[in-house]
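Multiple structures follow.
Two complexes follow with chain A in common, the first pairing it with chain B and the second with chain C.
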Partner chain A sequence: MNNWYKKLKKYQEIIRISNNEMFASPGNFIGRIVIFCLRISLFGIIYPYVFKSSNLTSINGISVIQIVWSLALVQIIYQFSRKTYQDIRDEIMSGQIETKLNKPYSFLNFVFVDAMGKMPIQAIIYAVTIVLLLGTVFGIPHFTFVQIIGLIILFILGVILFTLNMILLAICAFWMENPDPVYWIIGKLSWFVNGTFIPLAILPASFRTIATYFPFSAPFFLGRIFEISTLTGISQLIIIQLIWIVVFAFIIKYLYRLGIKKVSINGG
Partner chain B sequence: MPQIILENLTKEFHLKIKKPGAHGWKSLFQNEKKIISAVDQISFTVDKGETVALIGPNGAGKSTIIKMLTGILFPTSGTASVAGFSPWQERQKMAFKIGTVFGQKSQLSFHLPAIDSFRLFGRIYELDDAVYEKRLQELVTIFNVQEFLGQPLRKLSLGQRMRCEIIASLLHNPEIIFLDEPTIGLDVVAKRELRDVLRSLNKQWNTTIFLTSHDTGDIEALCKRTIIINYGKMIYDDLTQNLQRKYITIKRIYVRFEDKLEGFQMQDVTILNIGRYGVSLEVDTSKRNIRSVLEEIIRKYSIVDINIEDPSLEEIISNIYQKANE
Partner chain C sequence: MKEFKNQIRWLLELIKLNIKSNLEYRTSFWMQVVGMAINNCAFLVVWYLFFQIFHSVNGWKYQDMIGLNGFVSAVFGLCFFVAYGMRRISKYITFGQLDAYLVLPKSPLIQILFAESYVSALGDLLFGIISLVIYCFIAHLSLGTIILLPILFILACCTFTGFNIVGEAIAFWIPNSNELTDALFEFMLGPSLYPNSAFTGAIRIIFTFIIPAIVVGGMPVNILLKMNPWQIILMICLSIFWLLLAKFIFDQGLKRYESGNLTGAH
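Coming up: the complex of A and B.
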């Protein structure tokens, strides 16, 4: 019991430190929020203009307000863990990983907890930003109770899955001189099927099917909350996310075990 | 029982060779590979409380050995035991028993005050709050870091930062501390302070010190035993003082004469410098006995002062490297 308590406190402290680091340079953090606001403002300008000029009130039953909100929700996921990829990649490539490998914790647990530890505060800040920005300009779309609960679960699982995606791509650095090409290809490929710029609700059914089963688009399921709003539909998305989380966790653990033996750090 | 045991430890690196210039694109399709033996069948043991320097020229394999012993790198073959654990198979358990300082890489958070990182390390090493506070106070006093504990690490000087790095690695009172070039980039005062502290740690807590360094000052000040490796092979393992005794075949003699010197000559002795009233000589003791040289000088000249010096440890080590290369 005492042992477990100490291990728990270890990860609790990692969370505290990662939050402190997040706010160590407030300029960076504020800058990210400003860019986030600019991005969703852009959607808020383009889509209403397109709808108005085409005399549309909805596409596939999705209104323009819902479209802007769904794009903003997808953007939220991007705010988490992208730095995790850069940090792990740099640590492996530069050999800085050695300062973590000689500590009494699992490196994978450390980077995962470090990334996830920032989630609660960031989630609150971005949720408030979205509500203030879109809520005052467009209003808040109607959410059923099921959608609200679904949104929270899809968000939490989405951030976990996105973090695992980033860790998986970053540990490719054990084998590659620089895993950025893989990161860019998968990242840009995901744009077509995760609703980053065009909501899936207004895309053909074939795209939506691919989006449902493509592992790198699963973190962004919360953007589909207006398209798939029934209990059954949301439950299916949650189950798919859970399956991918388990699959990614196993793949990462397996690859890490292989990769760690290939660590090559130049001496002094 | 020894605290560190290495048996035929070997590490090979597989390197990709890229063609230079415009031919670099060819490496996309075909890779020429080269196997480099960074550590080749190294065996030795280190007892508790020993202070050991692992030295060698750049690329000799020193850091690779330290990284294998701290569980960071996996060996190609051979075995090792550190504090009773296999470094790469029981890495996390072993980590409680060892401390590490890598002179070129920081383990502390760059943007946060050192005290925040210390607290994290206290938790990581699962220390009770009371134990952590007591230990921290001890180390803060020894290393004299109280005044800058609350400043972000990035605002500290290299010497201050290095002291913080060592505190972080000692918080859990490790049995062994591995230091990979701990004094790199430090000024003379900071180096001396660091060596004093490490020496007192060894005396006070009987902490085993295992370090690599290019600075012979570290070796002379801290390490009773020296292991020299070159091209991954061990070429010397003995007491540091024996290193001087065993390898010193050259003596330097500085003589000042009462009368003006004219036509100074001596057989089997290299004259380094001749002044009006003094001379610097180098004697290869394998060719001519130092006693006979001194007797000849005293017999022929009227002497004011005489000084006999050994070459510095740096010169000795440099000679050993050169001989090994030949």
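Coming up: the complex of A and C.
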């Protein structure tokens, strides 16, 4: 019991440090919030404009307000674990990872906890930003109780899954000189089916089917909250996310074990 | 004149050296170039889907988006492939690494600009050129317009470079501002890839004069389509303005620079 407590305390310390780090440079942090607002604002400019010029009030039952909110919700997921991929990739590519292997913690757990530790505070900040920005300009769409609960669960699981996605792509660096091309291609493939630029609700049904089962689009399910709003539908999305979390965790663990065998210690 | 020729020869040597050092990891080099080109194709697919739903945005059609994405990618690609150092300025300032450039006989700003090249930007450049060639055909551009294209391209590159230097030089005044400069960069790049016909009123003014997103993409495509001489003059003025501003801000900032006592050969 005491041993477990010590282990947890170690990771608790990592969370504390990562949170402090987040606010170490207020300019940087504010810069990220500003760019987030800009992205959402661009959607807020484009979509109402094209709806108005096309004389549309809704597409497939989804209104322009819901579209802008849906795109903003997808953008939230991108704000988390942004650095996880870069950090792991750089550690592996530079060979610095060798210095982490003899430390009394698991490197994988460290990067995961480091990313997750920032989640609660960041989540609150981004949620407030979205509500203030979109709520003031467009208004807040109607959410049922089921949708609100579903949104929270899909968000938490989405961030976990997105972090695992990033870790998996980054550990490709064990086998490749530079995993960036894989990262870009997977990232952009996801665009078509995760609602980054066009909400799935207004795309043809085939895109929605692919989106439901494509592992790299699963982190962004919260953007589908207006399209799938029933308890059964949301539960199905949650179960899919949980399955992918387990699958990704196993694959990462397995590949990492194989990968660290390839690390050559040069000394110095 | 001789001095100018020497400068150009020296810059070409620097670019050649950067390319050679990147080619050392050949597989990685080509994977990054091809990967980035495929990555950019995604934008075209997204816009294709968008225009399948909405057909046009204030007169802009899908073919114009090919031109816009091609133009912005080519500008981004050329600037970063030959002069990626512009995105390193804030890092050099923060870590006190400018010393190595200050002691050399050439202009520190020019040296920094051409000190690094970004491999995957070659993929952007290739994608941009192919997209622009396709655009010239599908938009039935006249020969006169096609001749104007390289001139607009150079003007857009000047504005892009100038804005980036100004954004990076902020680090002279705000320490540890890497993410802020990244945000500023995205502030320009993001809107430049959207159909600028949707930006009207105050937003259009901001994205033209304060954050020149429209100048690096939308305005040149508009000129190709409508041949508006006023827009050409505006582009020339803005590119000169941004280059001069960049030089001025960098020189002013340099007076505040504190050495990190890090010297090394570059």
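Keep in mind that, in the parts below, the second predicted complex is superposed on the first by the 264 of 268 C-alpha atoms of A that agree within 3 Å, B and C clash if a C-alpha of one lies under 4 Å from a C-alpha of the other, contacts with A are read in each partner's own complex, and residues count from 1 in each chain.
Operating definition for what follows: a residue touches a chain if its C-beta (ideal position, glycine included) is under 8 Å from a C-beta of that chain, and two chains touch if they have at least 3 such contacts.
Just so it is clear, the structure is predicted and the values come from calculations on it, not from any experiment.
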Exercise. Identify the partner contact of A:Ala249: answer first if only chain B is touched, second if only chain C is, both if each is, neither if none is.
Key: neither
Quiz item: Given the touch rule stated above, what does A:Val146 touch, chain B (first), chain C (second), both, or neither?
Solution: neither
Exercise. Using the superposition on chain A described above, determine whether A:Ile17 touches chain B (first), chain C (second), both, or neither.
Key: first
Practice problem: Figure out whether A:Lys261 sits in contact with chain B (first) or chain C (second), or with both, or with neither. | Solution: first
Quiz item: With the two structures laid over each other on chain A, which partner does A:Pro104 touch: chain B (first), chain C (second), both, or neither?
Solution: first
Exercise. Using the touch definition from the top, say if A:Ser25 reaches chain B (first), chain C (second), both or neither.
Key: both
Quiz item: For A:Lys6, is the partner it touches chain B (first), chain C (second), both, or none of the two (neither)?
Solution: first
Exercise. Please write out, lowest number first, the residues of chain A touched by both chain B and chain C across the two complexes.
Key: 24-25
Quiz item: Tell me, which parts of chain C touch chain A in their complex?
Solution: 25, 27-28, 31-32, 34-36, 38-39, 42, 45-46, 49-50, 53-58, 120, 174, 176-184, 186-187, 190-191, 194-195, 198-199, 203
Quiz item: Which part of chain B faces chain A closely enough to touch in the complex?
Solution: 13, 59, 61-64, 67, 70-74, 91-93, 95-96, 98, 100, 102-107, 109, 111-112, 116-117, 119-120, 123-126, 152, 180-181, 184, 212
Quiz item: Where on chain A is chain B touching in the complex?
Solution: 3, 6-7, 9-10, 12-14, 16-17, 20-21, 24-25, 95-106, 260-261, 263-268
Exercise. Could you please specify the touching residues of chain A with respect to chain C in the complex?
Key: 24-25, 27-32, 34-35, 38-39, 42, 45-46, 49-50, 53-54, 59, 176-178, 180-182, 184-185, 187-189, 191-192, 197-198, 202-203
